[in-house]
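Shared between the two complexes below is subunit A, which has subunit B as its partner in the first and subunit C in the second.
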Partner chain A sequence: MQQQGGWFQRLLQAGRGHGGMFSALLWAVGLLSLPALAFGADVAPAAATEYRDIPYIGSRNLVWVVAQLHLLLAGFVLGVPIFAWLCEVVAWKTGEKRYDKLAKEFTKLLTSAYATTALFGGILLFLLISFYPKLMNYLTDIFFPSFIVYCLLFLVETATLYLYWYGWDAMQDGHKKTFHIFLGFMLNFFAFFIMIVPNSWATFQASPVVLAEGSDIARAWAATWNPTWWPVNIHRLIANVVLGGYICGAYAGIRYLSARNAEERDHYDWMGYVGNFIGVFGLLPLPFAGYWLMREIYQYNQQMGITLMGGFLSWLFILQAMLIGVLFLGSNYYFWLGITYRIPGSELKYRKSMLSMLIILLLCLGVWMTPHSLVASLEEARKMGGTHHPLLGVFGVMSAKMTVSNLMILVTFMSFIMYWRAGKEETAGWAKAAKALMSALLVLAGIAVVVLGVWGYFVPAIIRINYFSTSQVMIVLFVMLTITPLTALLLKSAKTTTEMVWGKMPPRAGYALVLNAIMVILLMTLMGYARSSSRVHWHVYGVLRDSSQYAFSPALGYAAGIMALNTFLFCMIVAFIFWVATMSDKAKASHS
Partner chain B sequence: MGGSLLKPVILIGIVYAILKFVVPNIPGSAPLPASLIFLYLMLTTSGIVIFATLSGESKDAFWNPIQRFLTGENIGGLQVLRYGVLLLFPLMVGWQTYSSTATSDAPPSENRTIHPAPPGEYTGLSNPVPKTPDTIQQGKGFYAAFCSPCHGGNFDGKGPAARGFNPPPANFSDPTTIAMLQESYLFWRIKKGGVGLPIEGMPWKSAMPRWEVELPDEWIWKIIMGEYDGAHQAPRTWE
Partner chain C sequence: MSEVVKLQLIGLAVVGSGALILLLVRAQFVRVIGFVAIVLGLFTLTALSVPQMASLPPVEEKFDIATVKTPTDMATIGQKIFFSKGQCALCHTIGPSESARCPDLKGIGAKLSREFLFESLTQPQAYIYLDYRHEGQPKEYPARMPYINKNPIGLSKNEILSVIAFLQQMSGEPISVSVAELEVPGQAPAAPVKVAQSGPVAVAQAH
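The block that comes next holds the complex of A and B.
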């Protein structure tokens, strides 16, 4: 300021030096400029920046990659504690130490994985604030009470994680172990809330509930409890279990392929089995949760529902069918390989059953993958009378998809039961009757699912959605909940005819485990794109419009490239975490 | 050699023959597009590979002949065939790459979305006309006058003018058409016609008139009721 004042005084002095001529000129210019002040008073302050961009990469692509990686890592750090805690409980209840070892091996990953997830979360937040200030201002205005809750949850989750991991060896016996199990439960409890709080922000963008009036907490609560919040919460919770299980399987698969001795082969073969089992355990109810989510979306907004299921994103669901199909095939294949290699002599006994199950799975997958609108040349479309095939077009709608997905779940469940019973001979007097009952249940359930599926074409949509599809799900659940305890009871008194042999699986079993994990990751990246694209040109659907240069949905081919990149980057990050976490163990092993 | 390879080859041949020649000849069917045939053949091949590799013996029986053939180990007279395959395979890949990237005068593939998403202002609308036998009958009358020439008196998309259109008029009695949609969707489609379709619905491909210029909204709602009743379908609802 002083410098400016000095400059002005020097100017006035210079004016005096020229006989006042310059001063007069200055006054005249000043007077003539007065109206400009009036105009200047009308000029609004500079508008707030709504978007920023980054050259070459593009802000949207960068946010897309970072958000997806954060979400995948979050799924991993929320899925692994569930997986580890379940294993710890099994070890605690059965006394099988190897489950405890497995649980500890995976909990070890958590501290570094947790830090990496938080790191990506922080990067994502900075990017969002930088690139999308308008959106972030809007979301902050609505959700700031839950931001505070989220921070508090992080504090208690971190403290619980430290206690759970660093107290593992110190809390191994008696009441201490019980307390450790309780800590594991609390870890998952807080993790669940850490998942559902940000879910409310994301689901709000898709199905907003905006209160014009009310306190901050009332507005935040209304926005949180939006129509798709709980369907997404449940869907993601189950999907995290699936991700945790299959990543464990993939890790075991890679370690199995590189195992140097029989002990390692045994251990990682068994770990692969546990990972695949937990993955399948989560996979079986996942389609039900997905169906519920889609139903809520469709009911919330017809436009969004059709955009996803019948509109420009409908082909995405064919890709989804393909990925889920490979996952089902991969999981069953692993079970069947287990029967063949771990239980010698069982292959001949079950080969025909495996063939039948494989054929059913492939037929179901064929139906699931048949699109409603087919890709056809002009000539082919003319012959069909459009892109809708007059005969196979019936496979393109939900009634068919629901039917085959239920059948695939039933078949996979049968594979598991077959694996469980292989190498054992039931000795109970009622074994024959129980087996007949189980077979009858499976066959009747399969027939009922198909009948309801076909009947679904001839009733109003609401009857199909509310009653038929729900009944199909209930039938499958009933079969699983009946046969599982019955088999457990049957095998309690069974005689083991062939001992299970670990470490004899062929290399392709390890590759199958890796394939399954990649399918799950790809699926999550695909559905991330679906969730985001279904909002089309809205940041907050119907409320806050996207007015950036990226207010368009990228084509599926382009999106597939980003999905592949995200899958690759996530695999690299997870490999790094595993490498870091196991580095000291390897060093210890090589010294001993 | 290759006894266990013969079965998969025959199986793939049978599946192809069924898809190519049997399915199109089923009454009411049509030829399948190559994309769908390819999809089903890929599934068949995956199934064969999965089943063949379930045990060590079956894997060896399946894979060893392929390996022997490719490496030329003790294959005797098949050596010429091996050279032929080794020569033809890259040529086929090259041809496929060339034909999929070369400039062509063939029209692009038809990937029209049949049921694109409606504009926001049409979602959530409900039929304001009370559903009574009279209004349904009136709707059927309007349908007969304005819609049946193309969509057919039996609501099956086979009206007298239907043969002149490609894609053909929608078949309302098919449970995968209007039964999947809400009434508001049909209101949008009838009101705005083909030209009102979004880009993925290829507005240039539909000859559906823009009925808003000729019919009042009330008539359109009545036509919708008549259509559903006549086609023995019910609209998608949430109650």
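The block that comes next holds the complex of A and C.
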């Protein structure tokens, strides 16, 4: 103010120096502007707009569709580089050129896929700023330092992608190849940070940590490192590997179905095998990451945990069980088809095991899908003595569900090992002992998981959650981490008795791959709805309330309609990306 | 026609279109789209067959002091808050239930003093829960009860007093909360509720 006063005095003095003309002019302007000032004083400052809407579709639905598509595309563009890099490393280590070709084929998708993802990200940002200005103001105020970091990450990620993709052919030999592998690693390294930075914004909304004081960086850092940030980071990282693997599988499945010659059939059959393999590889530890996330949510806020698992979202988990169950069944079915058609002679050897595994999987799925409370009429409820079925009610509780989910993981792991070992004969002297040890481990682990599950009915919930459920998880993880390296070691010296025959799979194998990919995408859309709905009527849980007309979570049926639409749109976008990326290859192939 | 029926019809139409495509079309890519349509339609139909519950924001109980004449009026408001904004019924039951997650509140108004109830709602960590269900020494657990007077639930003092009135009433106890204790907006608050004396951490007996 002092400065302004001084400036005004100097101006008046300067005016006096010019014969007072300038002073008079200033006074005249001042007097003329007085009515305007009076008029301005009558107008109250306009209230800031909190929400905007659009007719027919509704702002929330539009944001839902665009955000979901952006997230699915982001999962795809973060999953594919992991998938491609793993394939490139396998090719580098084993010398199998087809893995390198596969890696290149998928990296080719990335440039167009990145652009599409960024396009949807940009649309989402504009929609959020337009429809939710209050929320975006609040989030910007807290997170603006990480916005800058996010932009920088995009720059380095894009530069690395260009080098990785355009340098593929130029960096094929010797040290250049090593450098290319390093570039692939860096691509995934930056991509990981590109994933976790926006994760912090989303998880902050569910489990906010708000510092009232401190520097911008301190506030942003506290908000970033919120209780559910790392569980979501790990869960999404694994889920992206699963998505990448199964999308590759689905692509291979479609190309296999429409293959025109034996060479194409061989190639896409093999590609489907690799995609399913990587998908299952990620799928097995995924439930553990989900369990950790739920635990953290309960630790952070029990009401939020109960809203998710026991409140209005409880039926969502029956749907989730159905989708995961179909995914497990689809993945196992594809393994079993592989054993039957790709490894002649193995079918007889493994038929009984496959049948037993199918029965176990179906029984487990039945238990997992049993709801806690049944939908019953008043009369039916009276007959049952409540909404719990006298017999089936036992399966509706967490103890039963944790047990069957662990058993399903064990069975799928067995399928995986069975497929790996089929058509090979172990020659190592210690092979018999190793096989006996692996069988004993599997059987004992299965028994231990069931015993802990049954015991869980007789102890308080806190004991079951803290000790029994975690023990079940640790047992299954232990089995996987023991048997996998042991099998790898055993097969290193094994003799191949039956060579794999590619291109002989029936068409239903292609549909099984497509089904698996659809299940994964639906699961992502379903759990996105769960995560968002767990905040109930809060934009930022307990801090910033949603006061719009959309401050409610729609019922599952309506939500499932939007999820199905999102899944369909995403599949069409990915199909378009594949079509565009492979257009020139097809043209080249038809000319040659 | 309800929204659910409309959505079911759309779901059936999607499944039917998918089936027609698989039956009539030979082009593989289109057949895969038909297959995907069947899967997505079946998923939506399954989701529509489970109970349809939307989560609505809690209805704000209008606390017009002028209309509250007796402690029974407070208990009536308290009952509504108990089952809505207070979210008490999310975890607690009144009477034994198979789905109970937290202590059964039947008769709680007779077991505990109003000061203790107020403190349990506003300073839930002041006491440690003691579980006698095991053999040997009872085990201690910290209370997992949220702070009811803070967000996300954020009940006002008047609302908490009304819930206490309801808990006392449903326990068959005379309501010890009086209308005079209610805070009138814009006026100086009434005398604070006496809080139970406690050490740094006390142990509450569960049974």
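One rule holds for everything that comes next: the second predicted complex is superposed on the first by the 547 of 592 C-alpha atoms of A that agree within 3 Å, B and C clash if a C-alpha of one lies under 4 Å from a C-alpha of the other, contacts with A are read in each partner's own complex, and residues count from 1 in each chain.
One rule holds for everything that comes next: contacts are C-beta pairs under 8 Å (C-beta built on N, C-alpha and C of every residue); 3 or more make two chains touch, one makes a residue touch a chain.
A quick note: this is a predicted structure, and the numbers were derived from the prediction, not measured.
Trainee: Here subunit A is shared; do subunit B and subunit C fit on it together or clash?
Mentor: Overlaying the two complexes on subunit A (C-alpha atoms) leaves subunit C and subunit B clashing.
Trainee: For A:Ser533, decide between first (touching subunit B), second (touching subunit C), both and neither.
Mentor: second
Trainee: Given the touch rule stated above, what does A:Leu477 touch, subunit B (first), subunit C (second), both, or neither?
Mentor: A:Leu477: touches no partner chain.
Trainee: Would you sort A:Gly542 into first (subunit B), second (subunit C), both or neither based on which partner it touches?
Mentor: both
Trainee: Give one of first, second, both or neither to describe whether A:Val450 is in contact with subunit B, with subunit C, with both, or with none.
Mentor: neither
Trainee: First (subunit B), second (subunit C), both or neither: which does A:His372 touch?
Mentor: both
Trainee: May I ask you to decide whether A:Leu441 touches subunit B, subunit C, both, or neither, giving the answer as first, second, both or neither?
Mentor: Neither partner.
Trainee: For A:Leu329 in the superposed arrangement: first (subunit B), second (subunit C), both or neither?
Mentor: first
Trainee: Is A:Ile54 touching anything from subunit B or subunit C once the two structures are fitted on A? First, second, both or neither.
Mentor: So A:Ile54 meets neither subunit B nor subunit C here.
Trainee: Could you say whether A:Leu128 touches subunit B, subunit C, both of them, or neither, answering first, second, both or neither?
Mentor: neither
Trainee: To test your reading of the overlay: subunit B has the stretches 2-10, 38-46 or 128-136, and exactly one clashes with subunit C. Name it.
Mentor: 128-136
Trainee: Residue overlap on subunit A between the subunit B contact set and the subunit C contact set?
Mentor: Overlap of subunit B and subunit C footprints on subunit A: residues 301-303, 306-307, 310-312, 315, 372-373, 375, 386, 388, 393, 460-462, 542.
Trainee: Mind listing the subunit A positions that touch subunit C in their complex?
Mentor: Touch list, subunit A to subunit C: 254, 257-258, 301-303, 306-307, 310-313, 315, 318-319, 322-323, 371-373, 375, 386, 388, 393, 460-462, 511, 514-515, 518, 522, 533, 536-538, 541-543, 546, 551-561, 563-564, 567-568, 571, 575.
Trainee: Quick one: which bits of subunit B touch subunit A in the complex? Just the residue numbers, please.
Mentor: 23, 26, 28-36, 39-40, 43-44, 46-47, 50-51, 53-56, 59, 106-107, 109-120, 123-124, 166-168, 174-176, 179-180, 182, 184-185, 200, 233-239
Trainee: Spell out the part of subunit C that touches subunit A in their complex, as residue ranges.
Mentor: 3-4, 7, 10-11, 14, 28-29, 31-32, 35-37, 39-41, 43-44, 46-48, 50-58, 87, 90-91, 98-99, 101, 131, 133, 141, 144, 146, 150-153
Trainee: Which subunit A residues qualify as touching subunit B in the complex?
Mentor: Within the complex, subunit A touches subunit B at residues 299, 301-304, 306-307, 310-312, 314-315, 329, 333, 336-337, 340, 347, 351, 354-355, 358-359, 362, 365-366, 369-370, 372-378, 380-394, 396-397, 457-462, 506, 508, 542.
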